[in-house]
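Going in written order, the chains are labelled A, B, C, D and E, and every chain counts its residues from 1.
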Amino acid sequence: GEKAAVPAAGGPKPLTKIILQTDWYAQPEHGGFYQALAKGYYRDAGLDVSIEQGGPNTIAGQKLLMGDIQFCIGRSDDVIVTVARGLPVVIAGALMQRDPQAIMFHKGSGIHGFKDLDGRNVMTTPGANFIPIMEKKYGIKISITPLDFGLSRFLADPNFVQQCFITNEPFYVRKQGADIGTLLLSDTGFSPYRVWFTSRKFATENPEAVRAFTAASVRGWREYMEGDRTAANDLIRKDNKQMMPEFMDYGVSAMKQYQLVAGDPAKGETYGQIRPERIAEQIRQLVEIGVLEQPLKVEDVLDGHLLLPAPGSAPAK
Amino acid sequence: MKRLRSWINPLCAGALLIALWYTVRRVCHVEAWLLPTPGEILKAAWQERSTLFAAVLITSRGAMLGFLMAVGGGFLLAMVLGFSRLIKESFYPYILIMQMMPVTILAPIFVLWLGQGLPSIVAITFMIGFFPIVANTTMGFISVDRNLQELFLMCKATRGQEIRYLRIPGAMPYFLTGMKIAGTLAPIGAIVGDFLAGSTINGQGGIGYMTLAYSSQLKTPALFATGFVACLLGFIFVGGVNLLHWYLLHKWHDSLVKKE
Amino acid sequence: MKRLRSWINPLCAGALLIALWYTVRRVCHVEAWLLPTPGEILKAAWQERSTLFAAVLITSRGAMLGFLMAVGGGFLLAMVLGFSRLIKESFYPYILIMQMMPVTILAPIFVLWLGQGLPSIVAITFMIGFFPIVANTTMGFISVDRNLQELFLMCKATRGQEIRYLRIPGAMPYFLTGMKIAGTLAPIGAIVGDFLAGSTINGQGGIGYMTLAYSSQLKTPALFATGFVACLLGFIFVGGVNLLHWYLLHKWHDSLVKKE
Amino acid sequence: MTNPPIVRIDNIGKRFGTGPLVLDGINLAVDRGEFISFIGPSGCGKSTLLRLIAGLTDASTGSLVVDGMTPVNAREEMFFVFQDANLLPWRRVAANVELPLLLRGDTAYHREARVREMLQIVGLEAAAGKYPWQLSGGMKMRVSIARALSVAPAILLLDEPFGALDEMTRDQLNEDLLRIRQRDAFTAFFVTHSVTEAVFLSTRIVVLSANPGRIAGVIPVPFAYPRTAELRETPEFLKLLAETSHALRAVRH
Amino acid sequence: MTNPPIVRIDNIGKRFGTGPLVLDGINLAVDRGEFISFIGPSGCGKSTLLRLIAGLTDASTGSLVVDGMTPVNAREEMFFVFQDANLLPWRRVAANVELPLLLRGDTAYHREARVREMLQIVGLEAAAGKYPWQLSGGMKMRVSIARALSVAPAILLLDEPFGALDEMTRDQLNEDLLRIRQRDAFTAFFVTHSVTEAVFLSTRIVVLSANPGRIAGVIPVPFAYPRTAELRETPEFLKLLAETSHALRAVRH
């Protein structure tokens, strides 16, 4: 990572330059970052943050290690696999306590739970970790069609089953009058976080910046979910003209409805929180299905010094 | 009169195809979100005109640069291969590998080395378009009339002269055909590039991005409009190549000369 | 001796490229997860051999059928276009549209009409491969020597006879070049088809599926192994076409005849 | 009542595109069974005239009737020995000779016999299995001649068929041609640069002048058929030869 | 002390691939400035012999030395008028004639003058801007001749250059060729089917027999240069003509 060379003498502290690469085109699922950016929380924390949008083939992990970017977004299980494959990255904070990925199906197709997927064809990401875990847990076998991010085949075929973001696709298919049901993947018992992570190198060299980024992001997220979203939404729309207000509202309400971002307060979950136990559980599950040849230590993917001080407490300034 | 006919025929055929299209929609009960009618597509194109226009501008840059590089690079490569049997024998298999290696696998490397956006898109377009040119031009080079080769031997022509004055002009019909194929592949290449290595600039993506966005939003008419816009882009390439074809060959080549 | 040389050269070149590869890894500090070494790739290929083998079987079926259909269909289409100026003028633009329309847009329609799996994959492979054949063969058809055309006029040859005995043999060098291009595109077509219309039957996907799976699991060496397996498949096609080229042309065509 | 001419050329003019006149005011009526030779300087329009008769190109002015039809419709009755051998490079010698027979639907049995016969006439039995690129220039032309003779057309158009052949072969083929003519009674239009050949073969010799091509004179050849090699030595023959040579030389400006 | 021969052919034999012998036991030593004509039946190997001298094909047995070098190395001094005109279809007439000059690096100024001169000799000034497909057969050959003459080679190989030309043009070009030879003193190897031409042009006539091609006889032509059109009418000329014709006919079996 490179730092901005702003002279320190007497002036403001030099800002650390940070690029966050998201996992998709700008959308409400990135709202908190945009909020923090729009409201200047990053700047207040001494960071010069810019957000790069991802897309269908974002290779964020590699870019992280090349030093092209400093943070990116992904599921915690993918981060674990990334580390296991020898890419030294580290999780810094959770943007969602529960992953928004879900299975979407037509109401009339006779699916009520995961068990009913047995023998069916599901359009999803090949190689996704939830597949073998789900198959194992429910004793089912599915066949897979690669996800093409389109929806017309789902609409055309009443028996079509497709993976989706619960905050996203249901909006469009419902608009076309489809009567659909969804199953959140985290209900399978395999519940990864959606996290932001950085390279070990950057974290070691700039622990302050990482902590500051996490704190400002959490602040942004809290405000995006609970406060006035206009600033963030304007920025999102600027980055992605396809974002209609109606759609963004839907996304936010879905995130709220399924307690995706802050999690379940009853369980003590909150914005940004990462619990090592959950990471350990995910590692165990990944070993069980053979994705990991040998178990990792939680410390391989987490660095306690970087995480928020304690569950539930206010974000550090 | 002749010129008129050359417009009327495709128009009639087009009308026929459109009629067929509407019939399919009716008879097979296909829905708009799967196969919109030309009318719906036009309407969507009009509604989205500013977005589409901006997308085309972005993509056409990548397609054009990639196409030009494929043409230039393919031609040069074919020339090198034609120049030396040794090089051809040694490296042709690896050129084939490069062509046949799925671009999805190489895309991450491009992105990391060239960065997200235009350079990577151009590289991907190049990858997709250059082989037809290499294959055709090489075939043109080695198909040169033996008798003319003997003439050049008698002239003590250097290898370079032989290539310049004999093989290149002789291979033109093949080269231009390769260019035509590359021209149809260039927009596709840029779209694939957009998928694999694109980025949105000021919130505006290229055609590849738009197809993804529209298809994930179920805006099928707009999706098809995007497709046709991509075709229009392709027509510009193919039209340009056809003009070049005419310009270079109409004086002498059997495909164009009107012998009375 | 000659035969030996034709093996040694590519092998030397290959050794050179592999050395270059290792050097790039060393010098540019590229990591295994971006560009694995040939050794790592081979290891991964060996570890995943059963999966890869099954994937190749699945994909090669689609690629082979799609290739054959592209060859047959492209040839027929070129013949029809060569047969009738009217048809050519009327429909060529629409053939171009079909070629240039991004396959992602048409794929859902194929899947709906042909069903998931092989038929759609074949259709997509066909779509990707047929135009090089059409373009080349058409060019071959219209490049036929005028003097030979006059001979056929004097023979009162029917249009069909002219095509069979004059245009088809005369267009062979062009047609075979088109076939070569289609051959390199066929595995890519099947892989794209796998992306867009494939599904895992009995838990086993084709090569396209495997590239997606490996890349989402960050198994980069295995990903590259998949790519090389795709190339191997392509080599079979290109090799077949080369054999055909030799068989059909070595007796008379300047590209192969050894005139002493 | 006389028979109508098999070919009637009426005031034909020909220019290519917007170029200069290549042929101008050509008038000629040819009866069935005649053997017409065209001689004239290089580039005067002889090949063009043959192509006009064959309907391979259209006259710019004037009219041309072949056997009561347009040239294009009368093609069935004609065959052309082109100035270049015009062989299909992918067919062996025998297959090249066979081609017109194949195209008109003759049986394989008949074709084979016919091809063998024709190759024998032109002395190429031994080369039947060769490809065109393996032939010498003269051999190619002989294949082309064999091909034309194989169809036994009513009208034979020959554009310098024997130009690439040595004297012996040429004389031999001249005699062969007359022998076949005796049997098949074809009408011939024959372009040559050899005055001897023209006098030996023709019923009439048409001398063309150049720029634009015009008929400078028509020389009737009175010798009766069958003509034999001895004719070449007779004083009448030599006289006509000198006369024709003179007429040809007069054409040059 | 005599000069060494410019071309020495020693017991040359030639077969293509595993085919029959095409040329057998050819021996010939040619002095600088000679004009050697080859005559013989079609397919006897005349073109092959020229191609051997030019180094365009290798002898199967025997040795061939051109100006003390291998044929390939001596190519600089040679030029070939091929049996087919062999023009580049994408170059206009003038550009085709210009080609060898261009390739050897002559200046544009010199090239233009030379091309104009050569086209004038072959009578094609008016066709300078035409493409090959717009030319008559004879015109194409004349372009090819102009191209060869333009480089003024020390050794000129001519494969039936005048076969497609009318008598007048041919005689004219014969005389032109001798005139140029007077000036440039090239050595010529000349294939022809016209005995008259051979006798008129040559210092020696080589008669070849066929299957395999062998030298059946070498006829020296004693007439002094410069030779003019009148020579053709002299009794000595006619006598040698008859003699050569006889030798040629004797070759046929």
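Heads up, the rule we're going with is that a contact is a pair of C-beta atoms (placed from the backbone, for glycine too) under 8 Å apart; a residue touches a chain by one contact, two chains touch by 3 or more.
The structure displayed is predicted, hence computed values, not measured ones.
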item	value
Fewest hops from subunit D to subunit E - one hop per pair of touching chains	1
Contact pairs, highest-scoring chain pair	B-C
Centroid spacing, where centroids are CA-atom means, of subunit B and subunit D in whole angstrom	50
Whole-Å separation of chain centres (CA-atom averages), subunit A against subunit D	87
Between subunit C and subunit B, distance of the C-alpha-averaged centres to the nearest whole Å	16
Per-residue overlap in subunit E, given as positions that touch at least 2 other chains	16, 84, 133
Two or more partner chains touched - positions in subunit A	62, 148, 150, 152, 156
Multi-partner residues of subunit B (at least 2 other chains)	34, 104, 108, 112, 146, 215, 253, 257, 259
Subunit A - residues contacting subunit B, complex	25-26, 52-53, 55-57, 59, 62-63, 66, 68, 148-152, 155-156, 168-169, 172-173, 175-176, 237-242
Of all residues in subunit B, those that touch subunit A in their complex	31, 33-34, 51, 104, 107-108, 111-112, 115-116, 195-200, 202-205, 209, 212-213, 215-218, 220
Residue ranges of subunit A in contact with subunit C within the complex	61-62, 65, 78, 81-82, 85-87, 121, 125-128, 141, 143-146, 148, 150, 152-153, 156-157, 291
Complex contact set, residues of subunit B against subunit C	5-6, 9-10, 12-14, 17, 30, 34-35, 86, 89-94, 96-97, 99-106, 108-109, 112, 131-132, 135-136, 139, 142-146, 173-174, 176-177, 180-181, 184, 187-188, 191, 207-208, 211, 215, 223-224, 226-228, 230-231, 233-235, 238, 253-255, 257, 259
Partner subunit E, residues of subunit B touching it in the complex	147-148, 150-157, 161, 165-166, 169-170, 172, 251-253, 257, 259
